[in-house]
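Below are two complexes that have subunit A in common, paired first with subunit B and then with subunit C.
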Partner chain A sequence: MKRFAALFVVLLLALFALELTPPGQLVVRPWTGFVADSSATLIRAFDGDAMSHGNVLFSKRSGFAVSIEAGCNGVEALLVLAAAMLAFPAPWRMKLIGLAIGAVAIQALNIVRVISLYYLGQWNAQAFEWAHLYAWQALIMLDALIVWLLWIRALPRSPS
Partner chain B sequence: MSFRFASAACRVSAVVACLIFAAQAAFAATITWTGATDTNWSTPTNWDLGRAPITGDDVVWNGAALFFANYDLVGVTLHSLTATSNAGTVSGNPIALQSGGFIDDVLATTPFTFNNAVVLNGPTILTGASRFAGVISGTGPVSVEHCGDIYFTSSNTYSGSTFVSSNVSCNGGRLILDAPNPIPPGSAFTVANGATVFFLQSAAIASLSGAGAVLLANASTLTVGGGGASTTFSGLLFGAGGSLIKTGAGTFTLSGASTYTGSTIVNAGRLNVTQPGSIQSPTTVNAGATLGGTGMINAPVTVNTNGMLEPGLSPGILNTRNLNLAGTLQVEVNGTNAGTQYDQVNVTGTVNLTNATLVVTVGAVPGGSVLTIINNDGADPVTGTFLAVSTVSVGGIAFVVSYTGGDGNDVTLTAMTAPGAPTIGTATPGNGQATIAFTAPASNGGSAITGYTATCNPGNITAPGGALATSIVVPGLANGTPYTCSVTATNAIGTSAASGTVGVTPLIPAVTAFSGPSATGTGTINASFTGGGAGCSFTTAQFIPVTGNPASPPGPAPAVFPHGLFDFTLGGCTPASTITMTIVYPAALPAGTQYWKYGPTQGIPSGSWYVMPSTITGNTVVFSITDGGPGDDDLAANGTIVDQGGPGNPGPVGSPTAIPTLQEWALMLLGLLLMLSGLHYARHRRLV
Partner chain C sequence: MDPRAATLALLGRTLLWLAPCLALWYVAAGPIAWLPAKIASPFIGVVADVKAMGLRERGVVYSVSIDPPYELMRRGTGAATAEVEVASATYTYGIALFLALSLATRGWTRPKLVLAGLVIVWLSSAWGIGFDTVRQLAISPELASHLALGAAARTAIAFGYQLGSLLLPTLLPIALWLAFNPQAWRRTPGA
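Presenting the complex of A and B:
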């Protein structure tokens, strides 16, 4: 038990530290841009007003923009989930499966979040703020927590 | 008695000649017949001077003393012979008369008869009432002044003309011609007003003129014109059964009211019957001859093959009875009024055309004019046609022949000419072309206009137009070159004269506005400019994206261009002029938007992005570019402005809002939840 807790904290710190280092940024920045571009692409599929410029997604017509910053790309939530899965005693195979499912679930929901906030921001600033600060953070956490719990439940029982 | 004396002016050097003349003249005298001895003129005692007449004598014949005399003189040429008796007869040798001599029968009641010949030696007067049974020969001319009747009963041979008049002292009598050719064939024959001539036999004379009266008695035929001269006879030509034959090359004009009733035959030359003249004689025109004039031929007229009927003298109307035309009808056309401007045959009776030929000589006539060349009275139709049945073309005019024209049975010509010239209108310049406006001509020449042709010079560049066209676009012109253009009209007959001209200089129409969808799909962009001069125009214009188009600038853009870029070129501007461009975008441009340009500058000839000074209000950008100045990519004041740019902004309006997935507290909370749930689960499932 203690080992899991300690290892979780250690891994969490290590992964966050890695994210902030240049090697980590080599991955994180393109990913951030990818998230912005993907969001813009999905929006333009049914709305030609959206444009992405770097990590900024904005409306050509209204000029409203959201910036997909380092903390906005879902990576940090994924790092928390990854630290937990790597620290939890489980077969590596299950860990890898869990990480894959968790990454997909978190990133997919994050793109939905970005798109929704893009429109909410143009529609109503208060709604945007509420969704951004509370609703979507809760949903992302819930998303990660559900993946985590389902993963744990899927683990085989210890022989002891 | 009177004597003639030699002139006192005779000179010594010519004394011999003068003596001879004086001797002769001294004996020439007026000598009077006494008939004291016998009837011979050579007997001296028969004369009051006791000698026979000699050359130059003026002989007075006292016929009361003798009714018969024998002219037995030889080698004597009298000056004159005056008979003072009513009757008498002279026979014997020929009587020779000097030039200027005369024979006069003073009493002129009964003709004095000369059975012997008379030889003339110059101008001679025959007057009184003599009968010349012998041949008059020698050299005329002869002037016949009849007082009573003067007879020519031989075929005379004198040369020179014959002039017949009524002696003013008595004003009576006639010249009676009773021989096959009493007037020599070569003698021009004039019958003066008041004179009367009787042809008791057919005769041929060189010509006939004057205003007297000529009787063609005994159904005789007078052949006129053998001398070839052209003469006019305005007197009366009459005689039941008398006939007239025109021969010779000249023109014989009858302008009097002739009433002879025999035939009139024109064998050669031309016979004119002119106003107020008329004839009552059936007239035939044979091959090579012409009948014309403006008078009345109150009898049938027959024009045989190769004969010609030519009404008028110049344009005129010739009146006839039945017309049988197998020769040529020649009409002169110089207008639309019959008789004064074109020829006409006015026929009372029938009109029969038998392989006749129509010849039209044209001065001028408006197209579409209808000319009645044979005015046929009544309702009887024209029989036959001309050889040129439908159309006669001459002088650029086509005449359509109708045999049912006028009041239904006239022969008419409808003139068809080339159309009149169109009236030139305006010329509108275009890009390499000009539009020439015009008005159709007042006259289509009698034939429908089939089209128009516009011609511009220099270069003789033409373009066609349809029959109903009112303007023609002439392509192929050089912009900037002054042209002079005109228009012609064409019908089936030909092409009109050219209209007046109008000048035009083709040019590229100034296009000062351009509109189109933005390259980014944001909507429609409208661009327009002012200034730059009259010829300043968009030559190229397009809305392009910042990247991806061949015209797009290289490298990264310094801003976001929501509406892409406007890439354009203006040409034809006044060098160094300034244009003001106004561009209206489909949406308001955010605050902070600037009009960015990409292109060479004086400082960076290779090209760079820079901001164009502009005024941006709402969705409208206004900026100015001076040819050769900042913003003109060719950097030259050459009348061409090249530009590429667009409204750009550094990105979204204001600072984009960061939307972190999880804030710090959320991350910590998530970590704590995962750890606690992991611990719980591990304990619950006895995991280490």
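Presenting the complex of A and C:
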């Protein structure tokens, strides 16, 4: 457990620092734009109103806009999950499968978060703030935890 | 119970507990920031003298004074004063997450560990509060000449702030819960 914990902390800090550097932002910024674009496309499929520009998702009808910033693009939760999976003793194949499934699970829930905030913000500012700052932050990291726990359960048994 | 079903059941129970825990925390979010804000004061003191501290509904306000560098002081420039408000609640909500996870865990019989975890998560919010305050001071153009921060100091402040706002509030509660409940994630025969 000590080895796992130490490796996890080192990997997480390295990944997190990388995310904040200009090369990391070369990936994160287009990704955040993709999240805004995907959210707008999904909303339009049901509502026909949302548009996106860069990392901003906005409503043409109400003028309400949400800017998807660091912490709202699901990247941090993904980095935590990646560090946890890479640090855990498991076959590389399982790590890669886990990372792929985990990325989909986290980003899918993150798009639900963005869409829910888009509607909440147009309905009630206080509800938006509460969901944005506290509830969804906790839920996204909880998502990463559950994916990691399920991944551990799916690992082949280590020889006793 | 099948381990995977047990994990999903844990998720379900955690979600059920999270709602009341968040509501309870939200009610207390103002006053509980007092101690972490006090703990953060000496850290803020590295860049500015904290003259006073006050609580808001879900935030903390620091009144600070910053002496200019020696060169400016020699030319007669006086100390600058500023008020910085930090949304402390954005650093303490991990308390609700840790409590919800702990209450959702079947068979926990160590309330002292839960209490210890709550205290650690609570006091660790001093990191975010401290770095947020220093960041606000550091990015203020009016205070730039007084602070005269170097590039390395600015980078350290930015990294500490990002760590305190994006990772610590949610990661620490989960990490502590995992440390206190190794049976939840250790690979056991049959798991």
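Please note the rule applied: the second predicted complex is superposed on the first by the 159 of 160 C-alpha atoms of A that agree within 3 Å, B and C clash if a C-alpha of one lies under 4 Å from a C-alpha of the other, contacts with A are read in each partner's own complex, and residues count from 1 in each chain.
Rule of thumb we're sticking to: contacts are C-beta pairs under 8 Å (C-beta built on N, C-alpha and C of every residue); 3 or more make two chains touch, one makes a residue touch a chain.
Everything numeric in this text was worked out from a predicted model, so none of it was measured.
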* State whether subunit B and subunit C clash or fit side by side on subunit A once the two structures are superposed. => clash
* Comparison of subunit B and subunit C by subunit A residues contacted -> B
* Counting only touches as set out at the top, which of subunit B and subunit C does A:68 meet: first, second, both, neither? -> first
* To do: With the two complexes superposed on chain A, say which partner A:150 touches: subunit B (first), subunit C (second), both, or neither.
  => second
* To do: Tell me which partner A:94 touches in the superposition: subunit B (first), subunit C (second), both or neither.
  => neither
* To do: Give one of first, second, both or neither to describe whether A:117 is in contact with subunit B, with subunit C, with both, or with none.
  => first
* Check the residue A:20 against both partner chains and state whether it touches subunit B (first), subunit C (second), both, or neither. => second
* To do: Examine A:42 and indicate which partner it touches, taking first as subunit B and second as subunit C; both and neither are also allowed.
  => neither
* Asked: Counting only touches as set out at the top, which of subunit B and subunit C does A:135 meet: first, second, both, neither?
  -> second
* To do: Would you sort A:103 into first (subunit B), second (subunit C), both or neither based on which partner it touches?
  => neither
* Contact residues common to both interfaces of subunit A (with subunit B and with subunit C) -> 1, 5, 12, 71, 76, 80, 133, 137, 140-141, 145, 148-149, 152-153, 157-158, 160
* Hey, which residues of subunit B end up touching subunit A in the complex? -> 520-522, 560, 562, 587, 590, 649, 651-663, 666-667, 669-671, 673-675, 677-679, 681-683, 685-688
* Asked: Tell me, which parts of subunit C touch subunit A in their complex?
  -> 3-4, 7-8, 10-11, 14-15, 18, 22, 26, 87, 89-90, 93-94, 96-97, 158-159, 162-163, 165-167, 169-171, 174, 178-179, 182, 184-187, 189, 191
* Could you pull out which subunit A residues touch subunit B in their complex? => 1, 3-5, 8-9, 12, 48, 51, 53, 56-69, 71-77, 80-81, 83-84, 87-89, 110, 113-114, 117, 121, 128, 132-133, 136-137, 140-141, 144-145, 148-149, 152-153, 157-158, 160
* **Residue numbers on subunit A that touch subunit C, as the complex places them** => 1, 5, 12, 16-17, 20, 70-71, 76, 80, 130, 133-135, 137-142, 145-146, 148-150, 152-155, 157-158, 160
